[in-house]
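Structure record follows, encoded as structure tokens.
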Amino acid sequence: MEAQNLQQLTFAVDTFYLLISGALVMWMAAGFSMLEAGLVRSKNTTEILTKNIVLYAIACIVYLVIGYKVMYPDPSTSAYAADANFFFQMVFVATAMSIVSGAVAERMKLMSFLLFCVVLSAVIYPVQGLWTWGGGMLTEWGFVDFAGSSIVHLTGASAALAAVLLLGPRSGKYLSDGSINALPGSNMPLAALGTFILWFGWFGFNGGSQLALSTVDDANAIARAMVNTNTSAAAGTIATLLLTKLLWKKADLTMILNGALAGLVAITAQPVTPEPWLAAVIGFIAGLIVVLSIIGLDKLHIDDPVGAISVHGVVGIFGTLVVPLSDDGASFVIQLAGVGTIFCWVFFSSLIVWAILKLVLGIRVTKEQEYIGLDQVDCGVEAYPEFTSKKDG
Amino acid sequence: MEAQNLQQLTFAVDTFYLLISGALVMWMAAGFSMLEAGLVRSKNTTEILTKNIVLYAIACIVYLVIGYKVMYPDPSTSAYAADANFFFQMVFVATAMSIVSGAVAERMKLMSFLLFCVVLSAVIYPVQGLWTWGGGMLTEWGFVDFAGSSIVHLTGASAALAAVLLLGPRSGKYLSDGSINALPGSNMPLAALGTFILWFGWFGFNGGSQLALSTVDDANAIARAMVNTNTSAAAGTIATLLLTKLLWKKADLTMILNGALAGLVAITAQPVTPEPWLAAVIGFIAGLIVVLSIIGLDKLHIDDPVGAISVHGVVGIFGTLVVPLSDDGASFVIQLAGVGTIFCWVFFSSLIVWAILKLVLGIRVTKEQEYIGLDQVDCGVEAYPEFTSKKDG
Amino acid sequence: MEAQNLQQLTFAVDTFYLLISGALVMWMAAGFSMLEAGLVRSKNTTEILTKNIVLYAIACIVYLVIGYKVMYPDPSTSAYAADANFFFQMVFVATAMSIVSGAVAERMKLMSFLLFCVVLSAVIYPVQGLWTWGGGMLTEWGFVDFAGSSIVHLTGASAALAAVLLLGPRSGKYLSDGSINALPGSNMPLAALGTFILWFGWFGFNGGSQLALSTVDDANAIARAMVNTNTSAAAGTIATLLLTKLLWKKADLTMILNGALAGLVAITAQPVTPEPWLAAVIGFIAGLIVVLSIIGLDKLHIDDPVGAISVHGVVGIFGTLVVPLSDDGASFVIQLAGVGTIFCWVFFSSLIVWAILKLVLGIRVTKEQEYIGLDQVDCGVEAYPEFTSKKDG
Amino acid sequence: MKMLVALIKPFKLEDVKQALFEIGCKGLTVTEVRGVGRQKGHTELYRGAEYQVDFLPKMKIELAVPDETVERALEVVIAAAHTGNIGDGKIFVMPLEQCVRIRTGETDQDAL
Amino acid sequence: MKMLVALIKPFKLEDVKQALFEIGCKGLTVTEVRGVGRQKGHTELYRGAEYQVDFLPKMKIELAVPDETVERALEVVIAAAHTGNIGDGKIFVMPLEQCVRIRTGETDQDAL
Amino acid sequence: MKMLVALIKPFKLEDVKQALFEIGCKGLTVTEVRGVGRQKGHTELYRGAEYQVDFLPKMKIELAVPDETVERALEVVIAAAHTGNIGDGKIFVMPLEQCVRIRTGETDQDAL
């Protein structure tokens, strides 16, 4: 009787832990929305908000109907509520898709984007998810990706990269002489708020990925994961501050926000085994990488308004590759193989889907529509109808 | 000794579960504030923020002093901390009141609104709460309203409807030729943020309403409630997207946000018994209903700037009535009777209170004050003092 | 076996409770950011956001490397994960530092501020933290400060006061004839959002400070702490509403927000022992005090753009001194001695650090830089680049 | 031709526009401006501190009209913008030598 | 001297500025305005209700030029601002009697 | 009467207003504009990319004055707006034929 009650309570506690973690990850959808709404121009703000809330909704429904079954053909969870497991897995898909929306901002057709979202949630994400978390081939190889530096973040970024290559840069971003023109984001408090939301939600993302709380070992692992998550983000923030100060004598807030996110992405592949000081080092390097990557992609005329490809892709790879530094169960070669496999699958399958969408429906608005702004074109609702605009006339 | 420790731990876990859930519901107050601040014009923004934070404060204090005792004359909770129970119940009152504030926005006197808030928290809400959750007559009839589609949401909307009928529409909303003039909300990112906050907070609202976590059955019920809550909201979002695209060829973000909320309200009456696919269907229909209801009320010249009456009232009724679809313990007739009873009580008692307030203090600002905006009139603080306004001059 | 499992589960539950609480306190960093971003002028908004996210990062890293060891030379926590304890303690330092950033807004050099942040997190905060929470002399005296009305809030405010005295007021705040000129904050929704975030996060701040959940007594204490926290904040809100209505016939939202925070700060020293009605009284008085204090400091030409010194300092002292009203273990004299000790240590050590910074690097931007705004000077990124400004030209 | 520049209370804009279109005006240009004049500003309170708001929001209407319409235009603007309170605004009439329509290259009267 | 006042489509501002600087103009002033004219506004939808947007965003360029440059300036503005669609805008030419440069006190031609 | 149009540095607005009121002006109108001229813009950085800010914020003051006050008004504006740096701005003087006060119908001098 006692024993049974204890078992029930354990079941309940583990379930609750997963549900709270999942709710925190759901909340990250708000973070991406605010971050992206802050970093686009005001004429595209309503559209990006629409995209973000609808993509979350689509990811949930499609993963419920198809994706979850693809990724976990046989989800046997007797230790906590089956629904809690589904809930936690579901919100991860939405995260991957949110990454895409930022990179293609200010020029993509809303409906084409949403159709891609269906395919990613139904097939592209779950298939590679199956390989690792579903117990597939990558797991057999010994690939380690605790909470998804590659499985979630690199996946999102790879799909984004495929889109951006087919889509081209925003008009006005690269001038005819090859020089780069800034198109500043319209609302910094929103961008900062979005980053804070993501940071907060990430405690559920990484903390929840232990999937069980009820033993001393689990509890210690979760606590360590949360400390390391926070430490890596903090170090990434500081790294970007120092680097932008060094490069430009200014503390570029948008870069610093990217630096915090880079720290979060980098530690996600393995937040449990590093000592906090190592987490700090990983986050710090991630912060440096992200700035250089953003500058580099810009030089290549790959236009990513929010830096999503650098934050989630380049740093996601970095994070996955440094797992062996602290985790004896991982090897650099396998990590590399895993990263390569995931990237190739997601990038090429996405490229095909985007290409089909481009042929059939078109993926880019017209030049005039881009000038007017997607808010009028796709939503008919201005984001800030009462405020006069200084820019773009 | 062991047994006692286990009992203590169970007590602690259930308490913690209620507290976290309650904190999430408190957070919904921020959601309503942001949603409403985004959907009013900038000249009324400070006032609506003031209204929202003060109404929350009043609801808490008045429910502590009076309302709780009315609603639960004998709260016997030995399974978790008594304070946790109070905390969780208290935040629900504030939710009901927040619903009112959106519907009467941009024209009501601040102090009259706050006085109504006292009455609603002390009497109107607790009396009908007693009937169901307090173990009163509706419970005896067999009325089912798990987390409050009617008890909280319809209650808020009924009080709002009474107010709007006495208050009349905002000047300029309906033109002399009977046509409808749009008065666009001033800040879409805030409206979207508010919706995300509400969605997130709703996991506490519906998840917490199981009131106990510590058994396998409870844990499964909570997990199911959260999955269904999320699924219904997602389906509501998608439904509104499709419908507004169909009707107007545009993805109207403000409607989509209402659609998400409609999904949340609809599933609230019974989030535990439906299969997720049924939750999706309920949410989807709720999303369709809310758009049609908003258009319909507008045709009737019932002016509700944020759509609160449609989202919480019309959809709240819908959600309560579909409970028998999945819950064998409920019958359609009883549900109808319950809805009718709650509506009549809240609507007419509110009407009387509003009418008295109208006679004694007045409930509406003058035409000139409305033109200037409530921020100057009631608060003396502009919401965005540095930004030039394009509208209204 | 059973017993051991129960012990493990208890460990896990207590750990989880601390981690969730800590995450909520981390989230308060977003609250301070939004509150301060809303209350400064738009030309200083990017800078204050930068300051807030970087100060959080610095506090985390510095406390990890140095501060924690100073404050808890021997942290023996076998009842929950050691990392969870560190996590929860760490986020408190950031809170203290966030308080400073508001008070010195709109005129301080970014880098000097951040250097101070290093010293506060490494030495100033941990040293006084050691005296009470680390088991040092104040604990021996019998000083009671449950969650840090003095240890966190007064500490932040004292450091802020030292800074403001050396820094002087913003130019244009006090006119040559001694009269006070208002410099209105630029974005009220952000300020309100920030307050809601802080209120929500405070449930972790005060609720978590019990440090253990797993017994009936602990659970009851936490539940009571959360009810009282909420009640005190609500009462503070109402008090400020009434007082500003009385003084100026307007409901000044910025004051009301400060009133809510005052309620939160006041109850923080002892949220467990008061009956809820006493918590309401304490919060109510705190709300009155904060308004009078803000007006008073302004008369003394101590310029604090967000009211941080009044909210966290003056009210922090009040909250600490009223502990004996409900807590028999505390005495007024000891409380006074504790407050005095903490204030003296923090104020004078901060004064010295600020003075050194002033000599070596300077702490204040030039007059012209102040006119242009810190966003351009320190960050090179405008907060709202597309919106035309009405003020300051 | 003349250029009429009218400074009016913002909420009268719609009425004035209406009135001008009724007498055959085909276009006008509007700018948000802030004015100071006989209409006194007011003091506002923020956190207990008073501050003076001197500049009041006004709308500036610029309207090019043929000479023969000037009188009529002045009349209707005055009628439509009038509230009888201080701060109703002013109308200035300035000489306008030439006018070109960018799309067609038409000039003067034809270009209005 | 004359004061040229041009009302143009906002996205043509950069081109017009460029063109004017190429013919030797040294300065100009720009204001965001809203115009109504032959170019019809449009209706927008918000929550199912239509509303009329009459006033369209335009840029107003003010440019003081010596008499001999007026013709040339008109030409280049017309060329640069032209799209061929209704709503391309107008240019008004007004007499300018005097001009002072605040920094140096220079007047007239020298002050431009 | 003349219409004085002054383009000044924004932070000088208060001083100029003060100075004008001291010599008896009773009203003026202010618009936020952006100007380009001899004062060069600057480049800013955003995420590592430079961008050119050509247009600088200026305040435009419009002031109708009787003929006899023109000289005096020019003097005080120049004195108050002067910083000695490039970009201090210009004052343009344009003929003003008529002026009506909407509230009273007064015209010309009386209407100012």
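By letter and in written order, the chains are A, B, C, D, E and F; residue numbering begins at 1 in each of them.
In this text, a residue touches a chain if its C-beta (ideal position, glycine included) is under 8 Å from a C-beta of that chain, and two chains touch if they have at least 3 such contacts.
Worth saying up front: this structure is predicted, and the values here are computed from it rather than measured.
**Student:** Give the chains in contact with both chain C and chain F, ordered by label.
**Tutor:** Expected: A, D.
**Student:** Over half shared numbers or under half: where do the identical copies chain B and chain C land at their interface, same or different?
**Tutor:** Chain B vs chain C: different; shared/all numbers falls short of half.
**Student:** Per the centroid of Cα atoms for each chain, what is the distance between chain B and chain D, given in Å?
**Tutor:** Once rounded, the distance between the two centres reads 46 Å.
**Student:** Take the average of all CA coordinates in chain A, do the same for chain D, and state the distance between these two points in whole angstrom.
**Tutor:** So the centroids are 52 Å from each other.
**Student:** Starting from the mean Cα coordinates of chain E and chain F, work out the distance between those two points in Å.
**Tutor:** Taking the mean C-alpha position of each chain, the two centres sit 18 Å apart.
**Student:** Pull out every residue in chain F that's touching 2 or more other chains.
**Tutor:** 31-32, 34, 44-46, 94-95 - these are the residues of chain F that touch more than one other chain.
**Student:** Pull out every residue in chain B that's touching 2 or more other chains.
**Tutor:** 2, 6, 9, 13, 20, 184, 187, 193, 248, 250, 252, 254, 380-381, 384, 387-390, 392
**Student:** Tell me, which pairs of chains are in touch?
**Tutor:** A-B, A-C, A-E, A-F, B-C, B-D, B-E, C-D, C-F, D-E, D-F, E-F
**Student:** Please give the residue numbers of chain B that touch chain C in the complex, ascending.
**Tutor:** It comes out as residues 2, 5-6, 8-9, 11-13, 15-16, 18-20, 22-23, 26-27, 29-30, 33-34, 37-38, 45-47, 49-50, 52-54, 56-58, 60-61, 64-65, 80-84, 86-87, 90, 110-111, 114, 187, 190, 193, 378-388.
**Student:** Would you pull the chain F residues touching chain A in the complex into a rising list?
**Tutor:** My answer: residues 34, 44-51.
**Student:** Can you check the complex and tell me which residues of chain D touch chain B?
**Tutor:** Listed in rising order, the residues are 9-11, 13, 32, 44-46, 57, 59.
**Student:** Give the list of chain B residues in touch with chain D in this complex.
**Tutor:** The contact residues of chain B facing chain D are 371, 380-381, 388-390, 392-393.
**Student:** How about chain D: which of its residues touch chain E in the complex?
**Tutor:** Within the complex, chain D contacts chain E at residues 3, 17, 26-31, 62, 64, 94-103, 105, 111-112.
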